[in-house]
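Below is one structure. I have some questions about it.
The first chain written gets the first letter, and so on, giving A, B and C; residue counts start at 1 in each chain.
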Amino acid sequence: MEVFQKEIKLPPKHRGFNLITGELEKLCPEIKTFSAGIVHIFIQHTSALLTLNENADPSVRADLETHFNKLAPENQPYYLHNSEGSDDMPAHIKASLLSSSVSIPLTNGELNLGTWQGIYLCEHRNYGGARKLVVTIFGEKKK
Amino acid sequence: MEVFQKEIKLPPKHRGFNLITGELEKLCPEIKTFSAGIVHIFIQHTSALLTLNENADPSVRADLETHFNKLAPENQPYYLHNSEGSDDMPAHIKASLLSSSVSIPLTNGELNLGTWQGIYLCEHRNYGGARKLVVTIFGEKKK
Amino acid sequence: MEVFQKEIKLPPKHRGFNLITGELEKLCPEIKTFSAGIVHIFIQHTSALLTLNENADPSVRADLETHFNKLAPENQPYYLHNSEGSDDMPAHIKASLLSSSVSIPLTNGELNLGTWQGIYLCEHRNYGGARKLVVTIFGEKKK
């Protein structure tokens, strides 16, 4: 088994649920050099997160943004942490509802996702800026 | 260290939170051949998910289904994605609230779960069909 | 690649979101012996969980506790599972909203967290007692 690790930076995304499978695959051609293992993708932030969800109909991503805004609304009277803007505390709540990492099986040089699965970067700030990720791949190298 | 990977298919489950620890262990006897490592279980779907929760009282599973239906209700007027049935968009929301994978320490040939922990397949469609999982085990083999 | 695994026990925490990054690092000096890999931290409980979130302003942790108590309130009339106290079923719901494990990239002997990221133990019982974790580190050892 071998381990490969790299840090990557994704350019700023709009607030919401952004499909990034293709962008990540381009930035990590090393995936192709492994025959079996895991790709671990970690985001170094607490207001932009990762999840896996449907890769096809964009209305799923729109509905997720609408509904997560209901699960973690802005401007609740009981929020103590509001010095960084009304989008900040909801972003922290969404951070713990979603995940700081996704790990995906790697099979024959490909992410072994289901037909309808894609990787999302969930940007919860209005102006989130570029986001830093650490990608760690471990498994058997192709011969 | 070695890596072992296999794809398995679980027969259709009822909508709700289904305990599958025993079923998975039977399908993955390879767990017994490792002395220390991680078992990574990944579901290739966006409307059936995985989580760990209590393995004893079935009322916990019933209450989880009831409460997640409140957190992600059907037929909300703001849903845009409703062409696949009223259970579909709530399933996608639950997908991101729960997880597409669980990873569990493997110790001395056994899943090193707590006394009360079990693996759940959370089926969020009314008629979800069989579900595909990818199991990846990595660690030291027993000598 | 090598794998290292140990079980650790954390002393009882107050109900709420507790920052434990420093405590974990002290208990796992083995992290320093790896050059690249993953640290997988697993909690063997279904009413105390793990997540990553902001490591600075304590008001974030207070607001998370307040808001998760709204997402999974006590004493709902539809709960069937209430024999273990009013804090028990909400704890199970939070268990599946949060996570039984976090996995963090390890780089040059350090947890490769973002500037503002810390590891939280989320204690959801009023009197939760000590909590057991399994830490698994895998990757390349330093030379």
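The criterion applied here is as follows: a residue touches a chain if its C-beta (ideal position, glycine included) is under 8 Å from a C-beta of that chain, and two chains touch if they have at least 3 such contacts.
What you see is a predicted model; the values in this text were computed from it and never measured.
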Category of the chain touch graph - line, ring, star, complete, other: complete
Turn needed to bring chain A onto chain B - CA fit, degrees, nearest 5: 120
Type of chain A:chain C copy interface by residue overlap (half), same or different: different
Whole-Å gap separating chain A and chain C, where each centre is the average of the chain's CA atoms: 20
Contacts with two or more other chains, residues of chain C listed in rising order: 1, 71, 97, 99, 103, 138
Chain A-facing residues of chain B, complex: 1-3, 5, 40, 42-46, 71-72, 76, 78-81, 83, 89, 92-93, 95-97, 99-101, 103, 132, 134, 136, 138
List of chain B residues in touch with chain C within their complex: 1, 36-38, 51-54, 57, 59-60, 62-64, 66-68, 71, 97-99, 102-105, 107, 112-117, 120, 122, 138-140
